[in-house]
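Pasting in a structure now, in structure tokens, and then I'll have a few things to ask.
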């Protein structure tokens, strides 16, 4: 479904991503792990069109989408989330949902001519948004400012928003970061549910346990290179992973504390 | 050749006004429009003192008093609303600029003034001792700031605060104290610049407004808060104004400066600092 | 006293209405969309000059300006708007990719360059001397003593129209996309919103209304000179929308009225002509204090941005 | 939508109310006089013209005090309302509206070039004479005068230009002049007038350098000027630019003679630039025979404010305008703008008994005589367009002890 071939990204002399190839199969949950600075997010940014590739190709459903602008890639059904979910803070939850509805190119002149606050088309989207919000458990927050939501609610909204646009594949950047264990479980359920409905996931995370628990297939990156790939069990037991990833993580933790 | 000298003099005047502005922008993350009025304030305080003493002690006292005013204004007007974001701070500083300008106008009236200083002749074409002094002051204040911010303990603290004030707080840096230093130094430098403007030209109520625009332009052109960027920007603006006048009618002097700013920013959207600072991170 | 005050009041309200039109335009680009445009006066200037050049009679001896077609006023107003849009497009196309402060200073620089050109190019618009004694709309139908009220009425209607248009835009899908870009551009990208296209649209629409405001400004002053179009207008309108409440269209109008009223009502603070000059300075200080006070106690403006609710939308529409 | 309809309805109603109030006002306005006679003064207290503001308002107040000391006009005291026109068009409209409608002034004194041009239709429609006291713009040369409600007591740039050109070309015998002017309305108008007249007299303008306002240095501009090898530099700028410019010219030891516009003829400039002002020349309009008007005014003003007035600050023009308006009102015997308008020419122009003060004027008027006011700034005789010309010009120069002194007087009737 989504294929990255020999992707490279150099910042000046630094090889942030060096010749990485990955594959995401339809209706799968694919994980991507690695220490800070391993190049995961850079890879993510390249897939979603936020930064250009130095070399390599990104193929989505047989179409070459390399270096297409982000807004274009997202309209193809590839949605991504961000490490720190902010949403659109000074907009309500409902507005946040509606931004992702597909009618956003409604003309300016139509808008000027329309005296109704809500058009019939929007009515449909509002209904849809309500249903989604209800499903994810934000049904009572429709009119809240997003800036007033709790961190957990923000995370959930992060998932709910893209559902408005019928995405095919989610690119999740650290979904488990900053989430308490209880919420984490519901998150796992949510992702698995969505996968069962036919959605595809590519997940970047630190949290090994979370990744192992949820993913069908895992890629491991270190220093911009792909160092291992395989099923969760294989990854858990691979020496190079433990050495490079877990080892590094420990030193990092001590440094930052 | 003479034009280059003129350009350097003009650049020094812009630079002197901009370094302090750049410092507050860097440390407090907002555009302090009242900075221009600090120039005015010091020029008038010095003018007042100049009636009783000679210009040098008058200027020194004036500059120190202006520095204190800067800290005071920060404490009274800016710090209480710091949490409310750059926009509110910016327009509060506009309000403060009106207040300073209005109060000075009420006290001194609207006519133009000048310091009691001797007239001087040029020592080389385009430069009198006064202008030489301005160039020296501009270079010294830049060097001083560079040294202060990178070498001294309090300077390092200021930089830490400007990069991440929450983190700096947790590391035990007294952010209130560093802010006081920032405002004192920035306002004093503004004051110095105001006195020099009065020395080479005259003292009048519009001087603050006139200066803040070119200061803002130089700072943004330099790349927001980068001291080297501001230096480069001042030189670019100064030289382009003076050399431009050779080719284009002189009434477009100001337009040339702004045209250069437009062109540079369209080519280098992060200002001049991006020329040597690839990562886009601010330095000093 | 009362009638005289009413006349004066109507005159300054007319001015407030003109600023309100510019403020509404700026509010769309700066409040709803998050563009830090410090050059909004350039649209006003170009609009005003386009209007004047199209509607006046040809240049007489001692004057020099282009065109002078003597076209009807309404053609001039429309042309002013279009000229504003064109300038907005030309400025916006290269500059909209710049970030906040850089955009701010570039638009400011453009406004200065445009004013310098209007100041110095004599053949274009009669230079600093400007063009005098310009006509006002429907003037001939009313006696001079009533006319100020007619002009005010006309401008109130115009403000109302602009308000309706900007209001509808703000709460349309288009406006929502602009808000999304303002709040979180990367996230808006993932919603498939194309920033350059939306920004330029907002900019051009703002240019249109600010351009027409230029024509109204000429109605008010009956004179056009480059010195009318300093950045004072930009700062003024910015303060109006910040005081009124960024991204609130009613706030833009309220802010303009309050700011003009605050400034002008200080004229009634009278200590006699001997102190008049010093008082003028003191009034500036008072105005500054008012601005600081409003920002301190109402940092979101007098009318903060409204929450858009759909929960009982069927009843509300 | 209903809400909007309601809102519009309310707005229109409110406006209708205001209009009807205003409509009533117009009927009462003509007769409303009150216990005082109100004069308005509109000038730039803030902005570019601010340096002139205090001196001119002071001068008008000096005149008002004199009028009131002489018993006021028609037995009523005169009150001066001074408003800030912010040195611009927009402020001028506001200030004039306030003076007219709130303060019920019957005459507006003071506005500068741009501000007075904005009042062209305002003055005529509201029948309120506007007398500029510090505007030189040649745009006003042919649109004022009786029935047009625009006047000025400061000489037009066109007239000053003729005088300056004559002085430079014929008296000084100079052929090559370089012009340096600031690109503001006032300065441009003066420079253009000089250029036009100097060339008409056969002189050559070797270069014209236009300067932007508020620059910290004009070195490049000065260099350009000097390179054109003129015999004289003609300088037309505001105070602020003049300060910087003169200092720099001095610093460069440039020995070319300098002629400044009348506006530069003031003591603040000399005090500010000191030695750099020595030798700066300037032309001003004076009486032909030895008139006491100026000297009397100097004494009066100095007594009151502790400093001497200067020609470049237009104080005498401001003073004269106030006195003329008061005399016109007294002559008309009626406190309306229209009445003043119709008498302005009459009291200021010959024929009539020459009077030099308000007290003399009303005495002669009471005696039934026609009067001809001779003021502090000159004879103050309006031509058909409401402009004043002078019979003679004095060439002023800054002496080495930093004083403005009159070096010669030239008969201007032939210009």
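Letters A, B, C and D mark the chains as written, and numbering starts fresh at 1 in each.
Keep this in mind: a residue touches a chain if its C-beta (ideal position, glycine included) is under 8 Å from a C-beta of that chain, and two chains touch if they have at least 3 such contacts.
Fair warning: this is a prediction, and the values are worked out from it, not measured in the lab.
Inter-chain contacts peak for the pair C-D. Comparing each chain's Cα centroid with the centroid of every protein Cα atom identifies chain C as the most central.
Here the spacing of chain A and chain D, counted between their Cα centres, is 72 Å.
Chain centres here are Cα averages; for chain B and chain D they lie 37 Å apart. Averaged C-alpha coordinates put the centre of chain C at 32 Å from the centre of chain D.
Distance between chain A and chain C, defined via averaged C-alpha coordinates, is recorded as 42 Å.
Shared contact sites, meaning residues of chain B that touch two or more other chains, fall at 105, 109-110, 205, 249, 251-252, 254.
For chain D, the set of residues that touch two or more other chains comprises 45-46, 50, 53-54, 183, 210, 212.
Shown for chain C are the residues in touch with two or more other chains, namely 116, 119-120, 277, 279-281, 283-284.
Here chain A touches chain C in the complex through residues 48-50, 69-72, 74-75, 79-80, 82, 86-92, 94-95, 98-108, 110-112, 114-118, 122, 126, 142-143, 145, 161-162, 165, going by the rule given at the top. Interface of chain B with chain C (complex): residues 31, 77, 80-81, 84-85, 87-88, 91-92, 94-106, 109-110, 205, 213, 216-217, 220-221, 224, 249, 251-252, 254-255, 258-259, 261-262, 265-266, 269-271. Interface of chain C with chain A (complex): residues 165, 168-169, 171-177, 179-180, 183-184, 186-195, 201, 205, 305, 307-311, 313-314, 316-317.
On the chain B side of its complex with chain D, the touching residues are 2-3, 6, 9-10, 13, 105, 109-114, 118-122, 125-126, 128, 197, 200-202, 204-206, 210, 242, 245-246, 249-254. The touching residues of chain D, when paired with chain C in their complex, are 4, 7-8, 11-12, 15, 18-19, 21-26, 28-29, 41, 45-46, 50, 53-54, 57-58, 60-61, 64, 79-84, 88-90, 93-95, 97-98, 100-104, 114, 117-118, 120-122, 125-126, 137-139, 143, 183-185, 188-189, 210, 212.
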